[in-house]
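First the structure, which I've put down as structure tokens, then a few questions once you've had a look.
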Amino acid sequence: MKKAGAVFVLIVLGLASVFLFLQNAEAKEPYKIGAVFAVTGPASFLGEPEKNTALMLQEQINKAGGINGHPLEIIIEDTKSDETQAVLSAKKLLENDKVLAIIGPSTTGESMALVPIMNNAKTPLISCAAGAPITMPVKERYWIFKTPQYDTSAVEAIYGYMKKQGISKVGIITISTGFGDAGRKALHDMAPKYGITITADEKYGPKDSDMTTQLTKIKASGARAVINWSVGPGQVIVTKNWSALKMGIPLYQSHGWGSKKNIELAGKAAEGVIAPLGRLVVWDKLPDKHPQKALLKKYTQDYEAKYKGEPGTFGGHAYDSIMMIVEALKKVGPDKKKIRDYIETKIKKWPGTGGIFNMSPEDHCGLDKTAFEMVVVKNGDWEILK
Amino acid sequence: MYGVINLLSIKGVFKNFGGLAALQNVNLNVRQGEIKALIGPNGAGKTTLLNIISGIHRLDKGEILFKDEKINNLPPSKIANKGISRTFQHVELFGNMTVLENIMVGFYARNKTSFFMDGFKFSFITDSEKKIYKKSREFLEYVKLGHKINEIALNLPIGEQRILEIARALATEPGLILLDEPAAGLNIRETRELGEIIKRIREELGITILLVEHDMELVMNISDSVAVLNFGEIIADGTPMEVQKNRDVIVAYLGEEEEVQPGYNVNT
Amino acid sequence: MLTVFLQFLFSGLTIGAVYALVGIGFNIIYNSTSIINLAQGEFVVIGGLLMWFFSESLKLPFFAAVLCTLISSGLVGLLIERLTIKPLKNPDLLLMIMITISVSIVLRGVLMFLFGKEPYVYPPFTEGEPINIYGAIIQQQTLWVISITLFCIILLFLFFKRTITGKAMLACAVNPTAAKLAGVNVSKMVMLSFILSAIVGAIGGMTITPISLMEYDKGPMLSVKGFCAAIMGGLGSNRGAVIGGFIIGILESMTAGYVHSGLKDAVALVILLLILFFKPSGIFITKSMSQLRKF
Amino acid sequence: MKKEDFMVFIVFFIFVGLLPLFIESNYALTIGIFSGINALVAIGLCILMGYAGQVSLGQAGFYGIGAYVSSILSVYYGFPVILGILSAMIVSAIAAVVLAVPALRLKGHYLAVATLGFGEIIYVILNEWGPGGPSGFGDIPHFNIAGYSIQTTKESFYFIWIIVAIVMLYSINLTKSNTGRILRAMHDSDTACEAIGINVPLLKIKVFILSALYASLAGSLYSHYVTFISPSSFSLFYSILILMMVIVGGSKNLWGAVAGAIVITVLPELLRKFQELDILVYGFILTLTLMFFRKGLVPIISEKIKNVRGYKFAKH
């Protein structure tokens, strides 16, 4: 009996999935865009807000009558933060769903895995990952764009601020994932330009529980500041350890720090932490005439109302990507090549959440370091540093 | 008496287990073609000696010669390849394989094939497979297991498991077989059959046998000579008759002032 | 120099205490079933997240929250055993281990569904400044973790050595048939071991969350490290698991401090492999002890 | 090899070969490609575990070596791809010896942890010193031979599955031969094997090498198909995934490994519609499958088929 029951459950589940699998066949001429996000897995801190943003935008746009009357359909696939899954997701979107363009993936590795697929399929991809190799060399990345700022831009923002403060020796501590590694490389690459010496170069795993050792080493190396490059719980633990150790030197975080949740988790320890953040996080502190302010305000408030949490910088990447494609669709219609050309040539002085975009055939990202503000945590809130 | 050539010579072997002397200066010869029994009370070191001969344990001191060649401290598989095969006190069959397969594995030692090349032999059944199959069936007929070739070894009754284990040892075509308590767990009828098979192996196949056994009836019936091991030392070595009358042996087994009755199973 | 060394040591102890607790959890189930329960890390996560739920979300007083967490974790252990382990009579060991892996996947799914993906934290058991020893600091919560770990081992030691139930549980793994013949209710003992192991895991989770935060997918890493700790000490030996845990923790910290932080996991594993090479059944289990067990 | 094994082999691979004629979607074929790659690793583990009785949680290590060595050689040193793949297999074989020699003394859980440790060490090395570190590296050439590059999904599908067929043919042959019998014997009793003259340590090392070669080959094929690799694809989770495939399919049967690889690769794709809950559904299906198909899918299904046949014979 038990066996029969289990077999039954298995069959039902199997049928259900096959049914759902087949079901998504037809709708009435909607514009289909695909989205591949790391909704689960180690990079879910990126994929989650991105997914939410996509769902919210789809709802908003369709409520407003769609794109030139066509409803917008965003088909979201979860990559589980895994490259193989990213490849499969993209193939599914291209083959089964016949999407016009793809948003995402969330991480650099996954984006890189999709480059040859998108080039073969001659379909535009707007990545939500920061890594420079995603869009460079541009010649071999004909169909690929990305919306996040370069890591080097965030680093330049930090180094530039440090130079003003007279800091020239830093110890860096990075998470041993693609995100941390990209930051680490950028920190090394940009250091000479700003006359900065890296006295210690430490790492930790994404699930590590204590970074006191690495911080102690940095302190002993004579560094005048610590830069931590990570996302997830790691940055909170580093902040707590930094505060407990009373290191006496300032702690800088990456742009991954941009969520109130982090301040909440770190509590008092977060006081004084400095980070380069996109304006999305500090929109309420921008002057009213700032070109991004209106859009940031609407996005943040809508998101908070719908999901009871902040979109953070990462949700913004998805926002920018989707809005670019929506605008292109509106102007040129459902033609992959034309969409690509539109994004490459017509996105100029285009305010997004990440900054003011200026795409060109030489630059498929279109942002520079001015996209960041240096922000310090004060009394449990952000404060823009001048 | 069978032959005068020593097939196996054990010379001054010592073995300690963590300070406990298991074997002390053991000297023992097994002559070509004889059935030699090794008896002694529990814990006397009989199985230890078999394990040392077959290479499972290393000896501390002394040497072992097989066909005048030193074999001590070689790995078990090398010793087996030199022609010493054995069975175990707790039957060590390939329990999940069939009776036939057990024997076929036994033939491996004489029909080595190359591991990586085996995948490239693209005929349905190779000639050597056929040969091994035929020989294995003959062997099973020989030990009267011919009717059970496709049974899973674990499902055989213990008596047949023991016989199968002996047959597998024979399949390696050894010069010497070490049998470790082959009659343990067998009833009287099975024990008699076992005795018959052991005798036939010696007589028809000319294989020398060294036997560790508690069943005195079996030992006295089939052995040409008997050695007695007590507290790691050989205390007697001779024909069954001589050993039965040896005073040291009687003391070792039964304490002072008593006689061993022939056929008395010491262990029960 | 001393300060730096001490700081590395304290950091190692903090990390190691967690591994030790997970390692003990492995042992409890192993000792009564021979199964390696790879959902052990999830028990730790459950402990941390439930403690957050009871103390921060429901605002229960501290001890009530602790009690509720322990009871509900025990229930999870019970449920897992009754639903997946009990129905299988006489199973293959590897299959059981695979089942614990698939159970851990289900648990992660449930935790993600209930708690989402973000990390959680609550205040340490005692608020206050870290303790300063020769210039190196050790957080108060770390002391809690270490003392609770030690307390757990002592309790478990007494349980397994002094109580009939404890001894009966040990007997189950070595020879279930014999234990059954001796009148031990094997099925009940297995159930008990899952409950106990879930509780020990939860204790670990409750104590480390204020230090290391807790999120739904921290389990696999904890399982792997705890497994290594248990193996290093010798499966079945709680003393071994604790020492194994601390050794791995300190090795990681010292490697990060004196060699290179990117290599800390690898160095700890190389040492583990070396230990296994010379002592194939761990530090505290002798060869003859390990031969009693099939696995 | 027996005739019926060969028939099963022929029927299965003809079926696979016909698939692309009916399946238009490159997406479905891509699932097929990854199934094939995983099947290669699973076949190796099946021989190692199901036949020789050696548990390994380190297959991802060999898979990673295969992917990285052949990619590095072809990207940075201009090796022809095929030469890169062969070199990677040699490196993997050496790594297998390095792992197997000390691991010979270990059994059961201890062996599992030792192999797990090996896999993790390889992972850390790739993460720390591999080109691109944790971010990985891309622009790896597609597989090409004699100037012809295998690029399209359909070509890749055939290419991968032809290799799976060759490996499978070799493996069936091996396991049905003398060697296969000895491996199963070793699974049952090391001691008895030694006693009949089998050099057990050497045999174990050879099986480790064989499974490493398969995993390495699969890793190389993966990297030259996806053209981008990063260490995260070669972590412990992959080893566990492969182990799961072998157990789900039935560890005592090579077809079990292939079936397990297909099932475990296809299942998450079918569950996509459950969105984030897929992990939960996946876990449930896995648990139930393990609990109720305890010998594995293939042995149980083939038993069923045999029973049905036997029933028919009895009737006539």
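First chain written, first letter: the chains are A, B, C and D, and each begins at residue 1.
As a working rule, a contact is a pair of C-beta atoms (placed from the backbone, for glycine too) under 8 Å apart; a residue touches a chain by one contact, two chains touch by 3 or more.
Because the structure is predicted, anything quoted here is derived from the model rather than measured.
Asks: Supply the minimal count of touching-chain steps required to go from subunit C to subunit D.
Replies: Step count on the best path from subunit C to subunit D: 1.
Asks: Return the chains shared as contacts by subunit B and subunit D, ordered by label.
Replies: In this structure, no chain contacts subunit D and also subunit B.
Asks: Of the chains shown, whose Cα mean is nearest the mean of all protein Cα atoms?
Replies: D
Asks: For the chain pairs A-D and A-C, which is connected through the larger number of C-beta pairs in contact?
Replies: By the number of C-beta pairs in contact, the winner is A-D.
Asks: Would you kindly say which chain has the C-alpha centre located farthest from the C-alpha centre of subunit B?
Replies: Max centre-to-centre separation from subunit B belongs to A.
Asks: Distance between subunit A and subunit D based on Cα centroids, please, to the nearest Å.
Replies: 34
Asks: Could you put a whole-Å number on the gap between the CA centroids of subunit B and subunit C?
Replies: That gives a centre separation of 48 Å.
Asks: Could you grab the centroid distance between subunit A and subunit B? Build each centroid from C-alpha atoms only and quote it in angstrom.
Replies: 72
Asks: Pull out every residue in subunit C that's touching 2 or more other chains.
Replies: Answer for subunit C, listing residues that touch two or more other chains: 87, 112, 262, 265.
Asks: Would you please write down the residue numbers of subunit D that are in contact with two or more other chains?
Replies: Residue numbers touching two or more other chains: 127, 276, 279, 281, 284, 291.
Asks: All pairs of touching chains, please: list them by chain label.
Replies: Chain-chain contacts present: A-C, A-D, B-D, C-D.
Asks: Within their complex, state which residues of subunit D touch subunit C.
Replies: So the residues of subunit D touching subunit C come out as 49, 55, 102, 105-110, 112-114, 116-118, 120-121, 124-125, 127-128, 236-237, 240, 243-244, 247, 251, 276-277, 279-284, 286-287, 290-291, 294.
Asks: Which subunit D residues qualify as touching subunit B in the complex?
Replies: 1-3, 6, 169-171, 173-174, 177-182, 184-185, 187-189, 191-201, 203, 206, 210
Asks: Show me the residue ranges of subunit A that touch subunit D in the complex, using the header's touch definition.
Replies: Residues 2-3, 6-7, 9-10, 13-14, 17-18, 20-21, 23-24, 39-40, 42, 76-78, 80-85, 87-88, 91-92, 94-96, 108-109, 112-113, 115-116, 120, 131, 133, 140, 176-178, 180-182, 184-185.
Asks: Could you list, by residue number, the parts of subunit D that touch subunit A in their complex?
Replies: It comes out as residues 25-28, 30-31, 34, 127, 132-136, 138-139, 151, 153, 222, 226-230, 232-233, 268-276, 278-279, 281, 284-285, 288-289, 291-292.
Asks: For subunit A, which residues are in contact with subunit C within the complex?
Replies: Its residues touching subunit C are 2, 40-42, 44-45, 48, 176, 202-205, 207-210, 212-214, 216-217, 220, 232-233, 236-237, 240, 244-246, 261, 265.
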